[in-house]
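The two complexes that follow have chain A in common; it is paired with chain B in the first and with chain C in the second.
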Partner chain A sequence: MAARTNAAGAPRRRRRFSLLTREDKIVLGFLIGVPAVIHIALVWVPTISSILLSFTSWSGIGGLETIRFVGVDNYERLATVYPPFWPALQHNLIWLGVFLFVATPIGMFMAVLLDKNIRGSRVYQSALYLPFVLSLAVIGFIWQLQYAPEEGFINNVLGTNTERNLISWLGDRDLNLWAVLVAASWRHVGYIMVIYLAGLKGVDPSLREAAMIDGASERQIFFRVVFPVLRPVNIVVLVITIIDSLRAFDIVYVINRGRNGLELLSVLVTQNILGEASRIGFGSAIAVVLLVISLGPILFYLTRTYEEPS
Partner chain B sequence: MTAGAEERTVPRRAVATRRRLRPGRIALHAFLIVTSLVWLFPILWALYTSFRPYSETAQLGYVSVAQSLTLDNYVHAWDQAKIPMRFFNTMVIVIPALVIVLLLASAIGFALSRFSFRFNVFLLMLFTAGNLLPPQVIITPLFRMYLALPLPAPLSDNGVWYDQYLGIIAIQVAFQLGFATFVLSNYMKALPKELTEAALVDGASVLRTFWQVILPLSRPPLAALASLQFTWMYNDFFWALVLMRTGDKRPVTTGLNDLQGLFFSDNNLLAAGAMIIALPTLIVFLMFQRQFVRGLTLGTTKG
Partner chain C sequence: MAASSKASTVSRRTVLKGIAGAAGVMSVPTIIAACAPAATPSPSAAPSAAPSAAGSPSPSAAPSAVTGSVRFASTWTGDTKALRSVTDAFTADTGITVKVNEVDGPTFSSQINSYLQGTPDDVFTWFGGYRMRFYAAQGLLTDISDVWATIGSNFSDAFKTSSTGDDGKQYLIPFYNYPWVVFYRKTVFADKGYTIPKTLAEFKALGDKMKADGLVPLAFADKDGWPAMGWFDIINMRVNGYKFHVDLMAGKEKWTDPRLEAVFAAWKDFLPYCGDMAGALGRTWQDGANLLINKKAGMLFFGTFAGTQATNPADHDDLDFFPFPTLGTAFDSELGIDAPINGFLVSAKSPSLAENLDAVKAFVEYLASGEAQSTFLAENPNFVAAAKDADTSKYVALQKKSAEIIAASGAIAQFLDRDTDPAFATQMQSFLQTWLTKPDQDMTAFLKGIQDFWDSLGI
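Up next, the complex of A and B:
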């Protein structure tokens, strides 16, 4: 964008800059410099450091001079001799799958229903959206009241709260990921709904009317007319859904610190810092795996947002 | 224009649907009411549990009709979990972080949207990408940086950034700057060009143009961001978990984790604790719902 305006707008630009005094230029330098330095120093310097450290071995005890370059050793060990890695990666992918194919479509469906000019739409919206304002840690607490084996609501209603037939929703490693995903999706649906509602409000009503006159059914109108028009919103939702599944952490950490069936990449990174043996290079290698996966949606989003002619 | 057109078509469509689609509408409302209740249920259940005495639920079970309701659980949670202290910790972090984020994001948003530099798009991309990174990608080196970087005495009681309020404020600011800058620069870009040009021609300095022309006009996105960022920063669990060690300095959301041990066997107390912690965000949401939702949608559209 800047490149395009430069050619045509060069003389104007020079004129505008002549309006700026020396102080003005210094002020502008600060207005840009201070936030940029803070953001780069605390977000991008650690990101690059994660990549560099992932090729090293460092216990963190000695100074920086005790860092040893070990090549791709960390990655090799990650893939071969570190038991939680593959389960964690698998859990992240399941998380993504559930968000993408269940929670996000439900959010979209609710937005379509609520977009039809109905009385009390705002009340319904608030109810669906409410979980999104709660912290994931609080959500973990609230759902423990549902899932608790003997005292939880679900087991009491199902009658599975006695010694003999107890269902341990959060303790059983074949069940707990799905139980947690119900709670996480509960929050995700409202978020997606709000974004789609805003998108649907922006759809030109005459498009819909024209299709209706042509005799299209509601379903046809949505899939053939509205959905394609919502392309920019779809991109945002796709990116948010992927990133949120990679960021998942708080809820599993509150429930059981992300062990026993609830391992996630984010948890493994954290365990390598908070655990007794701090393996910085190794922890960074897991972080880089997370980074590489998130770079896909991030770059996709950036190219869509900044390269498209506007 | 579009609003007028919409108003004109609305009554016609409403009349038509009232005549034709009545059973459909009723089914739709029934579906929406049921869904809303299902959605609210886990929260309402926690609320219900929080008002019941432990002795009663121990005797009758949790799925039972309450015979007495009490605020005792709230009183106990409030005292035992040292909630006032934890709320104070949260505010020490969130209020400065919120003010600084809005100020810095307005500053850079203003500079990048009203003036053209060669690196504009690059910087905006960097901020947008930074806002999308999972925090765990940066935490390992950040943790080491916080342990190594000196911070002088009045700001830190151990000489470094680790385990300090300022450390948490700094990373909250740095991380949230991405989203706030994206939203504000988009909004400011849409303001008429003539505003800044006229002010500068009239001899106003850049700083004055920012402070007295652009910033007052940006009140709507600032209000939207304030309610959204308050909620996000308040809800943060991760930064304080890793970068803060002293339990008594941790904010309320992270403190929740410590409470769990305390409330281990008492679901009623756990429910009351969860409700107390959720309350500030619920209040902000109910009071500023419109801004809250707009903040999100501003951040997801190109502006």
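Up next, the complex of A and C:
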């Protein structure tokens, strides 16, 4: 009996309750399908092929039949006989640490200061934001001039530009990573400042007022009231910082092609895959290591984003 | 309830349609833009091709059986004018047009694999040695042995060897080469009464004198990574001879060989004269050349192209050079040096090659002539011609000297990154920089690290 009712009622009910007509479904299918195809072709296919290639040896010359499966050889070589790998990993982590714990807090601090509507705030804003307009490669060129051993501004101010007491900012492998991080942070600070400033402008002034009436100090207002309210901005800033430090490449590449103390994973991928060296499998293995490291922040961001409504 | 749900359906549908329409409209220009590059020649090719095409109608075109045109990729962006006078002269002779496509050298090298497998130009500028043999073995180059049958007598055996692939066929047209030598400024040597050092002892004595005079004896610059390779090559050839050097580059000798410890030990003798090493690793080769040109350094071991850095003619005229000193070994008389050859290759996969093969071969045959090479070198006098019949009477003093040094050498290597596997050469730059930073490290472990890396390449 129930079955009969269903059989009779189904078409009618479906027509009554379906919010989408056939036309809607085609349009929707198109709107979802096209991005899905693009997404799969541009994100998943390269990612999965990189992972597969990392278990192979291939010179990149000749057809796919010349690809040879070598198991985990590439990863083993990476960890044992490839000297730049561990320094590169270490440099990437230092980069991340400096961005997270130095550059980003400075950017936030600048934003808080500029949010106070001090005189000339627009000028300071522009001055701090200006470096972000430049690409990291251009910043590399600019800072190379500042750091130049004999003619550079910094060494001339310090008086360390003669052969006897020369400071080689970019040539000394104990020093150059820090010198480059100063240049990269110069850009990062402005970026974080602008994002944060926008967030601060959006904070309801009545919150501060209420806290002030309750007798909270400036410090308390910021850390107990404003900072928690800015949680969405904080997550964006965190993710941007992590991604920016993992994809760092251009600045060290223009300085010395990422050698002699400036090794980064991204540079090693390039060195092995581009050019005549062409070790596609080996380079892919390094790329996979970078991917695994990047997955951490990506997953963090996704879980936080989808947690939001609840 | 029902009414409100229907209303929302309608509005949602309208929105969806609107979005679809907008997406459709927006995608049209994108599609048009995507089609454009395929339909029209690449913008980079157009401007450089135009001038040579304009110069093509030759006034007195000699009757020629061969017609057609040649597409030619040049990375010699500093020599645009010199190369154009060569192609213009060829076009005037034969009526064959040459379309020059200028590309940035480092970019070209980084894309060479896909370039040669895709739709390359007919002829392109490249190097001799391993870097040519590798692509020849992959079937990406056209065998030009038939051209060599005609031009062979115009080149020495050393050039022929460097132009020959693993299969015994020829693939390269050598155009010019240049030796690695020790530069100095004539006025500095004259003022201070320095004499040219021929042996290691004389070199060290001179270095000490220069230090006392407040000069850095050797302008060393290795930020680029590759200049240190020139040092390794010359010292290895002086200590162990050419044969060992090329066998090592080919993987027939091991890096763990004690003979290599001797190389680094001998190299160490020169380090005290190179100034502050961290400073040297922070300088590009141009910075290094400037130290010599500005009289802050006394000498510079480099390829003769360092002369291009002296843009002031007075400075350029004041430059002179001598061969690297002998080190008192059994191989002193061999006088092996790096003298890299630059020249031309014919690609295999060019789409226009089949149609224009005769024109292409006529073009490369012309490039092998002394006439073409002299035309080029008249504009850029920092190199020497590869062909025997090149007009050497117009050589400037430095070119004459280069030619003498090359002729006096019993063994000519290309350069570390041209004589060995590219992946190995890339990493070797880092190995050498590591050693230069810590020359006193455990050499057994250091050399084993290099050998382990070589073995991991599976060559």
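Please note the rule applied: the second predicted complex is superposed on the first by the 264 of 310 C-alpha atoms of A that agree within 3 Å, B and C clash if a C-alpha of one lies under 4 Å from a C-alpha of the other, contacts with A are read in each partner's own complex, and residues count from 1 in each chain.
FYI, a residue touches a chain if its C-beta (ideal position, glycine included) is under 8 Å from a C-beta of that chain, and two chains touch if they have at least 3 such contacts.
Note that the structure is predicted; figures quoted are calculated from it, not measured.
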Quick check on the superposed pair: does A:49 touch chain B, chain C, both, or neither? Answer first, second, both or neither. first
### Message
So in the superposed three-chain picture, is A:272 touching just chain B, just chain C, both, or none of them (first/second/both/neither)?
### Response
both
Considering only the touch criterion stated at the top, classify A:24 as touching first (chain B), second (chain C), both, or neither. both
Review point. In the superposed arrangement, which partner chain does A:253 touch: chain B (first), chain C (second), both, or neither?
Key: first
Please work out whether A:110 is in contact with chain B alone, chain C alone, both, or neither, and reply first, second, both or neither. first
Ask   = First (chain B), second (chain C), both or neither: which does A:126 touch?
value = first
Have a look at where A:83 lands relative to chain B and chain C in the superposition and call it first, second, both or neither. second
Practice task
State whether A:75 touches chain B only (first), chain C only (second), both chains, or neither.
Solution key: neither
Of the two partners chain B and chain C, more of chain A gets touched by chain B
Quiz item: So, A:291: does it touch chain B (first), chain C (second), both, or neither?
Solution: first
Shared chain A footprint, chain B vs chain C, residue numbers 19, 21, 23-24, 27-28, 30-31, 34, 60, 148, 272, 274
So, in the complex, the side of chain A touching chain B is made of residues 1-2, 5-6, 9, 13, 16, 19-21, 23-24, 27-28, 30-32, 34-36, 38-47, 49-50, 53, 60, 110, 113-114, 116-120, 123-124, 126-131, 133-138, 141-146, 148, 151-153, 156-157, 183, 186, 190-191, 194-195, 198, 205, 209, 232-233, 236, 239-240, 243, 246-247, 249-250, 253-254, 265-266, 269-270, 272-274, 280, 283-284, 287-288, 290-291, 294, 297-298, 301-302, 305-306, 310
Per the touch rule above, chain C residues touching chain A in the complex are 5, 9, 12-13, 16-17, 19-20, 23, 109-114, 117, 131, 134, 138, 140, 216, 223-225, 275-276, 278-283, 287, 296, 422-423, 425-427, 429-431, 433-434, 437, 449, 452-453, 455-458
As the complex stands, chain A meets chain C at residues 19, 21, 23-24, 27-28, 30-31, 34, 57, 59-62, 77, 80-84, 147-150, 163, 166, 168-173, 175-176, 256-257, 259-260, 263, 271-272, 274-279
The answer for chain B against chain A in the complex is residues 5-6, 9-10, 13-14, 25, 28-29, 31-33, 35-37, 39-40, 42-43, 45-46, 49, 57, 61-63, 104-105, 107-108, 110-112, 115-118, 120-121, 123-130, 132-145, 170-171, 173-175, 177-178, 181, 197, 200-201, 205-207, 210, 231, 234-238, 241-242, 253-254, 256-257, 260, 267, 270-271, 273-274, 277-278, 281-282, 284-285, 289, 292-293, 296-297, 300-302
